[in-house]
């Protein structure tokens, strides 16, 4: 079994890159791999709690929480979050906040890295 | 004692998306990653600007004056101050008719000893071969 | 119609501009659209500059990108204040591609 | 003097479309025009209070507040905001929240409409 | 008693950005705008899919099954149920080799009487001439 | 190197894929990239399918767009579970354009 580090910089609603990332993380965890998940830039939107579940909009809060109980480590870029007005008290419980070096440290011993840099 | 090498490739112009700037800030984070690692372990970051990404390197960006925002130019200078390798694709500069005079080449005013390396794409490709992981922006 | 089209990107993923028809057409380069007003590729100016239109580029966006002095002679450089006048006085409909 | 309605759907940090919109609104107000400003989709990020002012990131909260004192009407799409976890209590004071018909009503008697639909 | 006519033009494919869906939801909002207006005043919305935007109209989108998300297809059906005019560019369908069988043409199952109109681009251009304001997505 | 390139867009604004060299190259169509695996324009398949590479397309993303049954014969359809195996077993470096 390997370790996959996913970095995603895309917004919660729109490109569906976060939907993709979360589904990939889920499939990898199902197969027994370890998954670290880093969100930076607009990707930090994923870490906000209290996303209202409308069927017209991507809603990932519930899935991410479930994956965290199955071992997913999810971390948001703290500065990217704060610049957008996302504070610790708005963050999903268990979703970590660190500076960018956390991502690189996760990559250090990752077997595979999927970095999704754009919108 | 292990080293993981990363290649950061910037292929898009500045200011349209945050990602060229995030490439630079994430690459810079390689300098502080040791706090998470065992003694002697490290992560290195090489940066390359290719395609429209070379537009990030044009000098005299006045983002602070016009939008109150750090320019991508000044982020490139920060990267040089931290001794990271910064490559710029020569063929892409040529395509735009840009010379080394038109782009950020050093950060001497801040005491940086490292300079930008203008290289053919083949060298950037070699870097991509040599690193452990690639991060495209 | 009197149509002003805002071009805000360098590489566009849509070809809509080629199909738009207007009695009076203005093309306003803003954000990364200003590269069209300044950069040549392999010696060629942007194909957009060959269109039959009046061309404008936003000075603040040129300066932000280090392009202050490089604008093609067919393009009039305006600032935000000039842009407001252009919008209200010269055109009726505005399109952001 | 005329009325300009601006709609912007782009994220706070990244494309700089919101920076553009806010500067255009400011220039129009300086010239005595009335400006209505609608943010929807990722554009609703503009309405969040407590954006931390870093020089590396677009920071528009202060400017928007100033423009509101000069007559700018700013409104965010309520559903787009809620789907992202942006609630009334996170919203900048004076920044309205309505459904999408507010935007169309503003356009009804606008002299010019600049609709910025993408990222 | 006045009417303001709007043209909503969708030029990009679905699911990559939120904007085709927001075009549809904002156009639908023309049906409830009267609460803000004086008696007799109204706003009308015509919708046109052009370029890669016609890919929004392909049938049998399984977004709900795969991603728990309302499909763009079902938003188009909602638009038809509210009697909005929906145009699809014939030349662009032809370019992709798509026929009327491949795309959403009606919402008869929900009682919609209005159908999608597949028209040449010249008619969409005429619509753009006739409306008061244009909103491109 | 063994390189898997994720193509997530239909109209790309970068030409990087043309320049990447790898001993073993996989092109994985995801998100709107799946249009490359399915749509023809004026009768022509996507130029990407002419490259010397192994092609994959994500079934969930095909189905989401109503393209379930239209995939080009050169493209292997995989689901998320298959994608995980591909990533870990067939390729070493992953690039998302």
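For reference, chains read A, B, C, D, E and F in written order, and residue numbers begin at 1 within each chain.
By definition in this document, a residue touches a chain if its C-beta (ideal position, glycine included) is under 8 Å from a C-beta of that chain, and two chains touch if they have at least 3 such contacts.
All figures in this text were calculated on a predicted structure; none of them were measured in a lab.
J.: Could you run down the chains that neighbour chain A and chain F together?
T.: Both chain A and chain F are touched by B, E, going by the contact rule given at the top.
J.: Hop distance check: chain B to chain F, minimum number of steps through touching chains?
T.: Minimum step count, chain B to chain F: 1.
J.: Find the chain most remote from chain F, comparing centres computed as mean CA coordinates.
T.: D
J.: Could you work out which chain's C-alpha centre is the most distant one from the centre of chain A?
T.: Computed centres place C farthest from chain A.
J.: How many angstrom lie between the CA centroids of chain A and chain C, rounded to a whole number?
T.: Distance between chain centres, rounded to whole Å: 38 Å.
J.: What is the distance in Å between the mean C-alpha positions of chain A and chain E?
T.: The separation of the two C-alpha centroids amounts to 33 Å.
J.: In whole angstrom, how far does the Cα centroid of chain A sit from the Cα centroid of chain B?
T.: Inter-chain centre distance comes to 25 Å.
J.: Taking each chain's centre as the mean position of its Cα atoms, how many Å separate chain B from chain C?
T.: Each chain's C-alpha centroid was found; their separation is 29 Å.
J.: For chain B, write out the residues touching at least two other chains, lowest number first.
T.: Counting only residues that touch two or more other chains, chain B contributes 12, 15-19, 25, 52, 67, 133-134, 136.
J.: Would you give the residues of chain F that are in contact with at least 2 other chains, written as numbers and ranges?
T.: Residues 8-11, 13-14, 31, 60-61, 94, 96 of chain F each touch two or more of the other chains.
J.: Specify, in ascending order, the residues of chain A that touch 2 or more different other chains.
T.: Expected reply: 13-16, 23, 41-42, 56-59, 80, 113, 115, 117-119.
J.: Can you work out from the touch definition every pair of chains that touches here?
T.: A-B, A-D, A-E, A-F, B-C, B-D, B-F, C-D, C-E, C-F, D-E, E-F
J.: In the complex, go through chain A and note every residue touching chain E.
T.: Answer in residue numbers: 13-16, 19, 23, 55-59, 119.
J.: In their shared complex, at which residues does chain C touch chain D?
T.: Chain C reaches chain D through residues 6, 8, 30-31, 60-61, 80-81, 83-85, 87-88, 91-92, 94, 96.
J.: In the complex formed with chain F, which residues of chain A make contact?
T.: 2, 4, 15-17, 20, 23-24, 26-28, 30-31, 33, 111-118
J.: Note which residues of chain D are touching chain A in the complex, please.
T.: 11-14, 41-42, 45, 48-52, 54, 56-59, 61, 79-80, 82-87, 90, 119
J.: Can you name the residues of chain B that touch chain F in the complex?
T.: It is residues 9, 11-12, 50-52, 121, 125, 128-129, 132-134, 136 of chain B that touch chain F.
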